[in-house]
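Shared between the two complexes below is subunit A, which pairs with subunit B and subunit C, respectively.
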Partner chain A sequence: MTLHSGRGFACINYPIGMNLGGDPAQALVHSTPDGKFMVTLSAIDLGQGMKSVTRQIAAEALGVPIDDVYVDTADSDTGPHDMGSFASRGTHRVGNAVIRAASEARAHMMEAAAEELEVSPADLDTDGAGNIHVKGAPTRRITVAETAIAAQFKQGRTLSGRGIFLIEPSGVDPDTGEMSPVTCFAHAALIIDLTVDDETGEVEVTKINSAYEVGRALNSRLVEQQLIGGAWMGVSHALYETTEPYYPDRREGPLDFNAYLMPGPGEIVPHDIAILERPAPDAPFGGKGPGEMCANPVLPAIANAVYNAVGVRIDALPITPEKILRGILAQGGARPQGQRG
Partner chain B sequence: MSSVEFRKELFADERQDDLKQIGRPAIRQDIRGHVTGRTAYYDDHLFERLLHMRCARSPHHHARIRSVDTSEAARMPGVQRIVLAKDVPNNLNTLLSLINFGKDDEPLIAGTKVSYRGEAVAAVIAETELQARQAAAAIRVDWEVLPHVLDVEEALKPDAPQVNAVYPDNTFDYEPYDHVKLRFGDVHKGFAAADEIVEATYQMSPIEQAPMETCGAIAVPETADRILCHTGTQALFFSLGTTAKLLDMPSSRLHFVGGTVGGGFGGKVDSITEPMAVLGAVLTGRPVKFQWDREEEMQVGAPRGAERWVIRDGVMRDGRIVARSFTGYFDSGAYTRLSSYAGTKGVGHLPGPYSIPNVAANVFCIFTNRTPATAMRGFGITGVDFAIECHMDRVAERVGIDPISLRILNAYRDGDMKAHRRTAKNTALVECCQVVADKAGWRLSAEDRAASSLTGTTAERQAIPETALDEEGRIGERRAGRVTGTAPTERSTGRLPAGTRGRDHAAIPVQRPDMEILSERVGHRMPDPAEAGGAPPLAAAAPARPTPPAASPPPARPASASPPPASPPHAAPAPPPAPPRQPEPAQPAHRSEPTAPTAPARGGHDPAPPAQPKPYEPDKPFSRGVNRPGVSRFLTGRRR
Partner chain C sequence: MPKIPVRFTLNEAEVGLFVEPQSNLLEALRRGAGDLSPKYGCGQGTCGACTVLIDGEPHLSCLTLAEAAEGRRIETTAGLAQGSSLHALQTAFIEGFAAQCGYCTPGMLMAAKALLDRNPRPSREEVIDAISGNLCRCTGYEPIVDAILAATEGRAA
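On to the complex of A and B.
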């Protein structure tokens, strides 16, 4: 038996949001009497961090500390309409709706503070730490909490805002395929290093190097988690997963995780990531959703690396040991393609 | 093990890194609940007198239902109610009818025939889950087994079994064709001029979204004649709207609560468990849970569908790809669900992130007798990216060019025209290639290292070429045997003048100025309304959706005896209301000067070093939570 090393490359772009638009998202923001802010959504947190990222977006747009913002998701009686968490639309669509709602609430907050400080709202700014001050005179200030109390109990004013974000819905020309699919694209390039055992056909992915362009990493750790988890899912998709092993035949479909294969803790691949940020003009603080695109380049990069290792092109997923061995057999042995780079 | 670096020096002049909250590694608001097991998911809500609902399912790929005998099941212990197709008030739906796309084609519970193995034919509501399972197993169905088709290309043949009565040709209707067309330039002329032709076929397998939490919902009758539904849906109002439609009830009677979901990955958009549970609650007046077990999640719940892609490239010896055609087959399974959308989205993505002067595609959404497919992470894109990027390596090998170099040579740049007739902007493929090559020690030529997404476009790359058109593959023609080919045809029937395009579509502006964030607070340049062809009012010029609203009757099918009328020749830009094409500036106006020494509009911006994530420190020592003393755990409404 011989272990053959292989290296493969792939790069992709990814459309952010529902294709052809027409997928609105709404958000509501209001203050409690003591100057905390509640963001009310019907968006869904699947574990991807929807609550966290909208909380940061709201805090940034309001100009208040993140600890003073709370996000409530998905009650159809209180949360205004949102299409849902899919198509990498959460950050882009809901994030923009939250910015709009928070901006309106901020405008009311600045008006209330201006009345208390007896200045013009345009002369005020927030310090992000819970204070509103006169521009250029940081000591002439009022706290957000005092502002909210005054607004509620003295001025009779709500510090609240509404936001909706919608990409105008459009269609496809049936003869040319002309369309406006999305307004924002993320990018990635990735290099896989792996070994192929020419006796068992087994593949071990040993290293991933990647570069992901995400517009702006709104939360650096959440992006990191998405990218590492997404690449793991890509490895799993490329090498292990199928609900129909003999597709299009439906025999032998797995019924549980004993038969539905996925990499375990022993197969977690070391992954060195570079994050690039080219803000998208219409995205919230420039951020594009990284959640879906991060798995995509892994699949072809693995297929290309397997070819580089043993000279067998597997064009049908998953890339199982059986397919690799049959390929090696058919060509009379492994044919390493030489070192890449 | 793993590492992360932020390459802040790239695109630094398009970005300010002085935001206060954005970019920080703020800890999740909900993470303590998740890691201590105290977060409430839909299934953590318990109710007195909760009933359980289970389905009887088809063992056949395709069969007519002669009769359903529920007499034995109805007599079994604990059984409260048997539910059949006739109990579903409006038993035909398609998910995307909520955005007026496609025809209603799928029952909640099959009444006359089943079209995939595992399709529900009846449901049992019982006091316990075990009783519901046992009774569901006792339902007897008299089947008339029908011939089935499982392969997408087999399903296109004129004599293939008809899978879905609403789409008798086994293809989704992209009016007026049975597939989505992409035509840009003249791909066959491109092939003729190319030095090499590289063709290959790629096949994806169906895979499972595999969330830890399976799909499910609990519906509870409330006062005021409303129904509360706790759900694990990925799309709250999608599920609410679908439930209201299937059950023919005003959506205001439904109160859906969710938002905290144990993994989705695309498999929780289909909205099947919610209408089932709500129907159960309506029929029994008691709380009802409908939840898939792992076997149902894997074999009945929709997987990511299989896709087959044929790519044909015409390439010059120097590596320039001059023509690329696709034939794509999305295996939708027995019903549409979301595969029709994937077909359109996939076509909008072609030919990948590359500038290719001649591109054509025919992409089919095909019905087969298998579990309906649905969304999954990367939907409509993952499969074709696998095909494109494997194919790029094939092309690189054929012309003897380094694989990364081939990508950089063909990569789309700011200002290039894309095959769907919109200008590329905000691109960054070249930089991703360079950065990852550098990280992995993959040597690139000086030329490749000097390339940039900001430069490299030319007047030729910005132009829309004259385009060869055809009308092959109208709905019904394939079934009638008049069309057999699936690849983009060589028989062009018309030419669309160079430069023809409609207008772009962008975000609707804020309804009140207060809702617009101040431009100096956003950290980058905001979109210029003029750039997107003006911010249009919504009602003005949105081209019609490719299919009519679901509520209207389906369009008349072309009579099979006579050929369909030829459409008028293309004289005007394709989308009807589009204005004539504006001359485009030689340099895209939105592009910042790559070497501009001038400071950006808003003050200084030293590229700050990336925020170093600090380890999480709780403000208070962790203490294990307990229920209030003396209060029943069940009365709290939470299991934990």
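On to the complex of A and C.
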């Protein structure tokens, strides 16, 4: 028995969102009587942190404390239309819609404050701590809460905003077939180190090194969280998961989680992540979104690393010990490809 | 068949229910007692989302007969916080970003609590062993293991 070390590399250019017949997202923002702001969305948070990120975006665009912003994604019947949470589009599409809605609400807030302070709205600014003041004269101020009360109970004005962000349908050039399905790409490179046992065919991933360029990481802990979890899912897809191991034959298909294999807490792979920030011009505060790309590059990198370790090229997932052993047998033994450096 | 009366304590409160014969504890907790914190995942005892503590030991409530809870002390995630102050594990899970979709989190928390209650300073391997019956699809487990270890350090500090 010999353990062969292998290293594999993969890069990804990942399109943010999709564009078939146009890709719109909408947001509504309104203030409560006490100067808090509610952001109403129909795109939902699947656990990727969209509520947290849209809350940050709304607070920044409104110029109010994040504690005073609530995001409601409860109901797509009562919220404004959105294409949904998929294709890694949440931060980019919904975030842009939130900026527009929040900016409109901010303009109304500044007009209401200007009326109370008897100045021009253009002379006002927010301090991000719940106050609106005259530029250069921070003591001439009114709180956001007082502004909201005055707007609703005295001026008869709503502090609200509507926002839509639309990636327009991209037509196909009849002569060349050219189109622009995507406006924004995120990028990553990932290296897998693993060992292959040439007697059992077992693979153990020992290290992941990755670099992700996701625009501005609007919430770096959420980005890191997604990248760690996504890489786990990539390892799982590459080496373990299938409902039909002998597809199209249903034989040996798992019927429960005991037989549906996934790595557990005992198989955690150390993962070093470098997050590179290159803000995208059409993204909310430059943030693109890691989304699905956090799982994708792991699979080809593992396939490449297995080839590097034993010279067996596997082109069907998952890369099971059986497939590796059959490959080694077919070529008359392991053929390590060697490593540079 | 007549329903069966069952009495137990749920997070230190006395609970009395009439349950269907052969119904499970998860159903009794969720539908009978209205505690929605234990989750229905697989219903087969393979995912751990329904983990609750019975007399301090972790059990899969989907595989536990409701009537077996008679006279027992049941703990669920809903009872972890004391008033407005969160349990050290809950704080550590939040600060360690150890939840994404959150569906496995109640089971993870209860499995971890059972461990820390009997072993306040577990090793990393003991933590991994304690949650090895709980599946998570989002986090890759590492943030969960780290959070449980962080909670033990927080207690000692």
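Brief remarks on what is shown
What we mean here is this: the second predicted complex is superposed on the first by the 326 of 341 C-alpha atoms of A that agree within 3 Å, B and C clash if a C-alpha of one lies under 4 Å from a C-alpha of the other, contacts with A are read in each partner's own complex, and residues count from 1 in each chain.
Here is the rule we go by: a contact is a pair of C-beta atoms (placed from the backbone, for glycine too) under 8 Å apart; a residue touches a chain by one contact, two chains touch by 3 or more.
The shown structure was predicted, so the numbers you read here are calculated from the model rather than taken from an experiment.
Once chain A of one complex is fitted onto chain A of the other, the partner contacts of A:E202 are absent, as it touches neither subunit B nor subunit C. Contacts of A:N258 after superposition: subunit C is touched, whereas subunit B is not reached. When both complexes are overlaid on chain A, the residue A:F185 reaches subunit B alone and has no touch with subunit C.
Touch criterion met: A:G266 reaches subunit C, while subunit B stays clear of it. Set against each other, subunit B and subunit C touch different numbers of residues in subunit A, with B touching more.
When the two structures are aligned on the shared chain, A:G47 is found in touch with subunit B and with subunit C. Legend: residue contacts after superposition of the two complexes on their common chain; A:L276 is shown touching subunit B, with no touch to subunit C. By the document's definition of touching, both partners, subunit B and subunit C, reach A:M233. In the superposition on chain A, contact is made by A:F86 with subunit B only, not with subunit C.
Counting contacts as defined above, subunit A residues 46-47, 49, 221-222, 224, 228, 230, 233, 256-257, 262, 268, 271 meet subunit B in one complex and subunit C in the other. Contacts from subunit C toward subunit A in the complex involve residues 42, 44, 46-47, 97, 99-102, 127-129, 131-132, 135, 137-145.
By the touch criterion given at the top, residues 46-49, 221-222, 224-226, 228-233, 256-258, 262, 264-266, 268, 271 of subunit A touch subunit C in their complex.
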